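The following blocks contain the structures, represented as C-alpha cells.
Common to both upcoming complexes is chain A, partnered first by chain B, then by chain C.
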Partner chain A sequence: MSAFSVLTKKEFSQTVREFKIVWLPLVFILLGATQPIMMHYLPSILKSVGGMDGITIDPSVTQVSGAEVMASTIDAQFNQLGTIILVVSLMGVIQSEKANGMLSFILTRPVSTLSFVWSKVLSQFVFLAFCLSLGFLTSYGYATFLFSTVPWNEFLLSMLFYFVWLLFIVSFVVMVSTIFNSQGIIALIGIVFLFFCAVTAGLHPILALLSPAGMSLQAISLLATGTMNPQVGWSFFFTLLWIGITVGVTYFWIAKKKFQK
Partner chain B sequence: MQLNYGWNDFNDIDWMAIIPILLPFILIAVVLILFALIDLYRNRHRRENVLMWTLIIILFNTIGPILYFILGRKDRRRT
Partner chain C sequence: MEITDVTKTFKTKKAVNRYSMTIEKGECVGLIGPNGAGKTTLIQIIADILEADQGEVRLDGKPLSTMKREIGYLPQYPNFYHWMTAAETLLFMGELSGLTRQELKREIPDILSRVGLASEEDSKVGTFSGGMKQRLGIAQALLHKPSFVLMDEPVSALDPIGRREVLNLIQEIKEDTTVLFSTHILNDAEEICERFVVIKSGEKIEDTSKIGLLNRNGDVAIQMTIGTGNSSWWEHVKQLPYVQGVKVFGNKAQIYVNQIENDKNRLLGEALQYPIDIRNFEVGGIETIEEIFLDLVVDV
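Now for the complex of A and B:
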C-alpha cells in the first residue's frame, strides 16, 4: 500500500473519531433546507412581522422558480454560514498535527511531502464534497417540492462548479493551517480572506475571472439565469491556478521545515 | 404586530399545511442536538464546563451543537 492511501485512510478515521462524519452532513442538510423554507414562508413572515398597514405584497413577486431558490441557497447559506463552518471545521487539519508533533514524526518516515499534502487536501475535499452534495440535494428537493422543478443538468453543473470553489477553500485553509500556529488566527484569516474573495468577485467581471470565488458566482448565475456564462472556462482555469499556488506554498513550507519555528 | 400571543392563536395556525414541510427540518435539528447531548453526557467526567455546554447546545439552535463539536470536545487537562 502506498503512503498516500495510508494517509488518506488515517484522515477518514480521524473524521469518524471526531464525529465529523455525523454532524457536518446534518449541518449542511439544515443549511440547504433553511433557504427554501424561509422563502416559501416569506409572505406570511412579512405579514405577521412587518405590520400590514400600507404594504401590499405584489403577488407576482413571490413567484420565484426553484432554480432561483437554489441560487439564493448558495448565495445566502453556503457562501456565508457554510463557509464559516467549513473553515472552522478545517482549521486544525495540519495545525493539530504540528501541535502534537505528529507532523515531524510522519516526515521522518519514508513519506513524500507531496503525498502528505495531497492526502490531506483530497481526503478533506472528498468528505466535504459529500456533505455539501447532501446540502445541495436537500435544497433541490425542497425547491422542487415548494417551488418549481429544477432542471437536473443545471443542478449537477452548478454543484460541480461549486466543488471547484470548495477545493480552493480546502487547499487555502490547509495552507493557512500550515503557516500559522494558533487556531483562532487560522479561522480569522481563512474566513476574512474567503469573504473578501467572494465580495470582490461580485464587483467587476475581471475580478470575478481572477478571483477563486468566480466559480461560486458561476454556479449562482447558472441557476439564476439558466444559461452558462461563456467565461466559465477561464474562471475554472484561474481557480485551478490558485489551488496550485496554495498547494505549492503548503508543500514548500513543509518541505523546508519552516513549521518548526 | 402583536407583542403577545394567546393560546388561542395556536388554533388559528393551519398545522396540517406546515407540518409536512417543517417536520424533516425539525427532525434533523433535534437529531443534531441529541447527538451533541449524548456525546457530552458520555464524557461528562472528562469535559470542562458541562453545564455551560448543555445550555449552549439546547438554547442556541443548530449553531450550539456545531460550537460544541468544534470547541467543546476538548478534554480537561490532566494534572
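Now for the complex of A and C:
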C-alpha cells in the first residue's frame, strides 16, 4: 500500500478514535439549524419580550426567502463560530505530531514529504467537508421548511464554492501548525488571519477577487441574489493559487526539516 | 556505509564537527560519549531526521535519503500514537516501510514475542510504560528486516531486567545486521560491540576495537585497591620520587612508575608502612574500558 493511503487511513481512524466523527458533525448540524430557527422565531420573540409602545417590528420586513436565510447561515454562523471551530479542530494537526516526535519518526520511513503533507490536507478536508455538508443540509432543510424552497442548484453550487474556501482554511491552518509550536499561537494566527480575509474581502471588489475568502463571498451572493457573479472564475483561480502557496510553504518547511527545534 | 565530513551547528553551538567514519557490512559499532557530546545529533543526521549543514551520509554508495527501507531507527524516547494498540502501531509503521498487510499479519505476533510484548498486543500504547515503549520501538525498528539498524540509547531507560533482555536481543540481531548504537553506559558497549567510537564535543576522538582500546596504554601501571577512608595515601604516593603519575578512581588507582621491576616492591613496602587497608595490588593489570573512557573524555 502506498504511504499516502496508509497515512490517510491513519488520519481517518484517528478521527474515529478521538470521537471527532461524533462531535464535529453535531456542531455543524447545530450551526446550520440555528440561523433559520432564530430568524423564524425572532419576530415572535421580539413581540413577546418587547412592550407595545415604542418601536415595533413590521412583520412584512422579515419576509425573507429560504435562499437568503441560507446566505445568512453562511455569513453569520459558518464564517464566524464555524471558522473558530474549524481552526480549533485543525490546530494540532501537525503541531501534535511534531511535539510527540511522530513527524520525524514517520519521515525516517520511506515516506515522501509530499505524500505526508497531502495526506494531512486532503483527509482533513474530506472529513470537514463532510461535517460542513451536514450543516448545509440542515440549514437547507430548515430554510425550506420554515421559509421558502431553496433551488437545488443554488444550494449545491454555493456549497461547492464554500468548499474551496474550506480547502484554503485547511491548508492554511496546516501551514501555521507546521511553522509554530504552540497551540495557542496557532489558533490565534489562524482565527485572526481567516477573519481578516473574510472582512477585507467584503470591502472592495478587487480585494474580494484576490482574497482567498472570495469564494465564501461568492457562495453567499449566489444564495442572496440568485445569480452567479461573473468573476467567480477569477476568485476560484486566486483561491487555488493561495492554496498552492500554503501547501508549498508547508512542504518546504518539512522537507528542509525546519520543524526541528 | 560512509559518513563524510558531517557538520551540524545549532545557533552558535557546534553539535557535530567534521565527523567522518566508515562502517562495514555486519559490523557492530558502539558510539560512546558523555551527555551532550553530539551522539543523538549524529544519529539523527544518519537517520535523515536532521539535515547536516555540511557533508553527506551514503549507504552502499547511494545517498541515504533514498535508502530508507534499509534502515531501522530507534529514537531515544520512542513515542507513538497513544490511541493505537501495539499491533496497530506495528501495522502502521510496517505499511509505511512498504510491507504488505499479509506479511505483517504473520510477522507482528512473532516480533512482539521477541521483544517480550506478546501479551500486550491489543493494549493501547497510551497505557505503556517507558520500558514497554522502548521495546515497541525496537520491534518497530526490526520489523521490516533492515540491513542497518540505528539505535539511540536503546537501554539507558530500562530497568536491569529489561536491559539484559534488550542486550540479548541486540546480540541476536547483530548476527545478520549492521548495528550502530549510542550509549553512555560503557559496559553495554563493551558487551556487545567489537568497535567503539568515542565522541566528545562533536568530534571523533577515538575509533578503535575493544582489544585495541585495552592494549593502548596497558602494562606499565600498577593497579591498587584500598579500603575506604584512606585517601590520604594517594597524596602520599604522588609525592614519591619514583612515581610518575597516579590516576584515582574512588578507592582504586593506577600508579605509573619509572621502573616497574624495582619500583613495585618499593611501593608495596611503602604501602605496608602506611596505615592502609590493602585490598588488591596488581602489576600490569589492564585498565577497564571505563578508565580509558574517562581518560579520553575528561579534561584534566
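We adopt the following convention: the second predicted complex is superposed on the first by the 259 of 261 C-alpha atoms of A that agree within 3 Å, B and C clash if a C-alpha of one lies under 4 Å from a C-alpha of the other, contacts with A are read in each partner's own complex, and residues count from 1 in each chain.
As a convention for this text, contacts are C-beta pairs under 8 Å (C-beta built on N, C-alpha and C of every residue); 3 or more make two chains touch, one makes a residue touch a chain.
None of these values were measured; they are calculated from a predicted model.
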Practice task
Could you say whether A:Ser48 touches chain B, chain C, both of them, or neither, answering first, second, both or neither?
Solution key: first
Exercise for the section: Mind working out whether A:Ala33 is in touch with chain B, chain C, both or neither, as first, second, both or neither? Expected result: first
Exercise for the section: Considering only the touch criterion stated at the top, classify A:Ala3 as touching first (chain B), second (chain C), both, or neither. Expected result: second
Practice task
Name the contact category of A:Phe237: first (chain B only), second (chain C only), both, or neither.
Solution key: neither
Problem - Which of chain B and chain C A:Ile106 touches, first, second, both or neither - result: second
Problem - First, second, both or neither for A:Phe19, with chain B first and chain C second - result: first
Practice task
Give one of first, second, both or neither to describe whether A:Ile85 is in contact with chain B, with chain C, with both, or with none.
Solution key: first
Fill in the blank from the handout: Intersected contact list for chain A, partners chain B and chain C 18
Exercise for the section: Enumerate the contact residues on chain B facing chain A in the complex. Expected result: 1, 21-22, 24-25, 28-29, 31-32, 35-36, 39, 62, 65-66, 69-70, 73
Exercise for the section: Could you please specify the touching residues of chain A with respect to chain B in the complex? Expected result: 18-20, 22-23, 26-27, 29-30, 33-34, 37, 40, 48-51, 85, 88-89, 145-146
Problem - Of chain C, residues touching chain A in the complex - result: 44, 47-51, 68-69, 71, 73, 75, 77-81, 83, 92-93, 95-98, 100-101
Fill in the blank from the handout: Listed in rising order, the residues of chain A that touch chain C in the complex are 1, 3, 6-7, 10, 14, 17-18, 100-102, 104-111, 256-257, 260
